[in-house]
Amino acid sequence: MAFADVYVFVLAAFVGYQIITRVPALLHTPLMAATNAISGISLVGSLVAAGSDRNTLSTVLGVIAVTCAMANVVGGFLITDRMLSMFRRAEKKQN
Amino acid sequence: MAFADVYVFVLAAFVGYQIITRVPALLHTPLMAATNAISGISLVGSLVAAGSDRNTLSTVLGVIAVTCAMANVVGGFLITDRMLSMFRRAEKKQN
Amino acid sequence: MSREVVSQISYLAASVLFIFGLRGLTKPDKARRGMLLAAVGMLVAIIGTLVKTEVVSYGWILVGLVLGSLIGYPLGMWVPMTAMPQRIAFSHMFGALAATLVGVSEYFTDLSNGETIGIPKMSALAFEVLFGALTVTGSFVAFGKLAEFLPGRPITYKNQNAINLGLAAVAAGLFAYVVFNPEASWAFYLMLALATLIGLFLVLPIGGADMPVVISLMNSYAGLAASATGFAIGNEVLIIAGALDGASGFILSIVMSRAMNRSFTNVLFGAFGSAPTASTRTSEGLVAAPISAEDAALQLAHARSVIVVPGYGMAVAQAQHQIRELAELIEKNGGEVRYAIHPVAGRMPGHMNVLLAEANVPYDRLYEMDEINDRFEEADVALVIGANDVVNPAARTDPGSPIYGMPILNADKAKRVIVLKRSMATGFAGIENDLFYAENSSLLFGDAKDSLQKLIGEIKTA
Amino acid sequence: MSREVVSQISYLAASVLFIFGLRGLTKPDKARRGMLLAAVGMLVAIIGTLVKTEVVSYGWILVGLVLGSLIGYPLGMWVPMTAMPQRIAFSHMFGALAATLVGVSEYFTDLSNGETIGIPKMSALAFEVLFGALTVTGSFVAFGKLAEFLPGRPITYKNQNAINLGLAAVAAGLFAYVVFNPEASWAFYLMLALATLIGLFLVLPIGGADMPVVISLMNSYAGLAASATGFAIGNEVLIIAGALDGASGFILSIVMSRAMNRSFTNVLFGAFGSAPTASTRTSEGLVAAPISAEDAALQLAHARSVIVVPGYGMAVAQAQHQIRELAELIEKNGGEVRYAIHPVAGRMPGHMNVLLAEANVPYDRLYEMDEINDRFEEADVALVIGANDVVNPAARTDPGSPIYGMPILNADKAKRVIVLKRSMATGFAGIENDLFYAENSSLLFGDAKDSLQKLIGEIKTA
């Protein structure tokens, strides 16, 4: 574990704080769905566990983890987009 | 050189961008002085160069670098504070 | 370029894309494009992982990816908007489970390879598994309460606090032990088991209505677990994504707790479980004025300026489409309709916004509390639809009220107030609402959807 | 805890303190406390370095620290506010020199120890020295022009662009060569020498008035050089501080170029040196109405609402104190005085704000362009003090003007406009200003400080 990773965490937390505090209340539900989708990034760990033929336990746990993470990725991005596509401005008279 | 340092740079640039774009025009001159002062952080390199008895050239260059960086630190923080101390609200009637 | 370099660059790209993606959410018209960027980032990261030299067999990976997509698709496309709270709780369970399993696999592999695990890595692994497992069961309970297959009421038992504290202390002890004795796998797995129990016991005593705060906290815990995974396996994109998720969950729970008038520490330490306190005032002697749909329709038809205040009842009744229809009728009559959205109206941050967006209400008609609170005075009618606590003037006037000090929508300042609800029942906070007895307000009883349909019918036939 | 761990923790703390410090600058009332945090961060980082095991002799270090403090103190306490632009250019020189020397020392030491320098480290070192050296001489020229010991006019010579491009190409070639052949010290030092020349040749052809943009760019280059140092010696606090400085310089140069109507690429590639284009319109046939101090004083004394528009001339005349005095007199007579600050009024971002703050004008009387532009119509008098380009209506009305499209202060919309300047000379952009010939405006000729003193005298004796 490199000490530089501590910096990465601290700086990422700053970036996160600054961005999230500026997300309007309007989009708080999509935000929750979006972070759900992004949490699927644990794929980078689970793919390795599932595919590196270390031992049976690792493969089994890895495949379950891949499944869970991928479900979050697919489901999360789809539902976020579905939600966001509903938000629209009143440009012209609605019908 | 750790690859994690690339992340550190990218994230720090993000943090910097987000903070600096929110500094009001009112404080742009103090901001310039402040970054001047902070640039004195090159002390962390020059102190090592000056004090680790590697070779004469390193020591000489190091001492010059320490001098320059320290001048920025002392001068920069002092002038920033001097400037900032002049900015004040109109709380009560001025005299 | 070596495979490892490709993978490293892909992770860097993914991190940047995630950040830009979330930044998109700061502007409604850039949000979709932003999430597209984030999705591309995810794809890049997946590809960057698959090319790694360690990854040697793709069969099982494919199984997992396909299975995950099959589960994810309905979770994305079929779940109705009204089921969002439970949907999100469910996903946190998945995310935390993935992080936990990766941690176990990493630990088990290192141990069976006879590697010595250093203190930093072991701390990260233990943290990951502890928070991951706790979040799995905690989110499961939250999901169950929200989906109503577990009882929503707080499930309490004797010595609850003592038991929880004891469990936490033992888990902390095991954590410390295993960090310094990584080969003690019994401690590791026992800690894991305790963490699942802690997750259960932490959330079971909390009422169903408090689940949104729980969900946000779980979001933040799941993020921290992901970051810990990143530390353990030395992967920066995991650290960054975890930190972003952690920040999001943390900030949302703060926003909610502030707007709900709960203290910050209250949220931080998960001690938000106490059942809402009973009302301080009673409605004795006060009489609420009912109104007929006909009269209400008359007032709305002639109003020049209407402010709609939606609340949890709108979600229960699924009345958002009828609201839009009614608004269009009022607009056709020359009136102006705006929507006042309280930050904690409903049961989830942004709940009302999503439902109204679903019903095609343009988001520039939705006003945040601070933007619209001064406009109620000029409004002819404030139409309160299934909202209660968020318009309770006791928050302004009654220092004895549990919600005193909570910022509320000033619906009571409007010239006339029409409230749509089914009964005189209280809202989430369980306290009486003087607004219903005010001189300028009248109640249209019934399910919000039904009442709105009646109003629409009246105005149309008028 | 080992010395290295102490040092690492101190660096982490310093990084966080720097970030919080700069965040303080987003709010005027938190700025001082923020800079205090940053200063503490610096102290922590210095101590964290001094405890490192590599640091074995403190004698020379002490010499450097004391000498630096002795130089820094007057730079901090004695330099007048009006000399800020040259003061800042001077400091960039110091900062870049420090970074460059550290790079050389590191390179020389590695080489003489017979270590092989890897490609990543060598790239960082080369980058550091290249940008550092360029910034040293570039800042020196900027300093000289601003302090007026070098001629402010653009110094041009034949084939200037070809020579610069040639130099840059050779330097780039050397860069590439030395990265792959780190032992080729001749290439390293030749590149260093060329970089100093490039710095000179880049800035000499630029007019003195354009120096602020140069300074900001140099700020950003110095930051990048510092980051490169951090990469070379594996120090994250350097990387972070460098990135923060780099972002600041970069953003300020963009802000300036936008407000000056220059293109972004123009700034990025340093090609902003061309002398201002000549005026497109002439003042032939137009007559400006002069006004006596007596009449102007009369108007000001009876004005209910005055907007002061300060410009570069205020800085030249050092008239800020007199402005405050006059404003107080007007306020005593019952009038209201506000200040309209254009983003590029003066010669440095925030120039006017600092000078007015120095004269004790409260900052909540200072309004940014967007805040006050709609208020000019209601103002009885717009008092333009040594400003020219920033109130030139041609930016709105004359598509042929070089400043067309630049956002300006709408001083011309005020009921009366009084302009204080010495002559009919043009401002920085070198173009005529129709405002001076407008019906509602009149000119009070003379040095701004003198004119203001006369106005003050008139109002006092009236």
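Note that the chains take the letters A, B, C and D in the order they are written out, and that residue 1 is the start of every chain.
In this section, contacts are C-beta pairs under 8 Å (C-beta built on N, C-alpha and C of every residue); 3 or more make two chains touch, one makes a residue touch a chain.
Remember, it's a predicted structure, so these values are computed and weren't measured experimentally.
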Identity of the chain that, by mean CA position, is farthest from chain A: D
A-D or A-C, whichever has more C-beta pairs in contact: A-C
Intercentroid distance (Cα basis), chain D paired with chain A, Å: 41
Inter-centroid spacing, chain B versus chain A (mean Cα positions, whole Å): 36
Distance from the mean Cα position of chain C to that of chain A, given in whole angstrom: 15
Computed distance of Cα centres, chain D from chain C, in Å: 46
For chain B, residues contacting two or more additional chains: 2, 4-5, 7-8, 11-12, 14-15, 19
Where chain D touches two or more other chains, by residue: 19, 236, 240
Interface residues, chain D side, partner chain B - complex: 11, 14, 18-19, 21-23, 25-26, 28-29, 31-32, 35-36, 38-39, 42, 45-46, 48-50, 52, 54-58, 60-61, 63-65, 67-69, 71-77, 79, 81, 84, 87-88, 91-92, 94-95, 97-99, 101-102, 104-106, 108-109, 112-113, 118, 120-121, 124, 215-216, 219, 222-223, 226-227, 229-249, 251-252, 255, 328, 341, 343, 348-351, 353-354, 357-358, 360, 362-366, 368
Chain D - residues contacting chain A, complex: 8, 12, 15-16, 19, 236, 240
Interface residues, chain A side, partner chain C - complex: 1-2, 5, 8-9, 12-13, 15-17, 19-55, 57-59, 61-91, 94
Chain A-facing residues of chain B, complex: 2, 4-5, 7-8, 11-12, 14-15, 18-19
Interfacial residue positions of chain A with respect to chain D in the complex: 3-4, 6-7, 10-11, 14
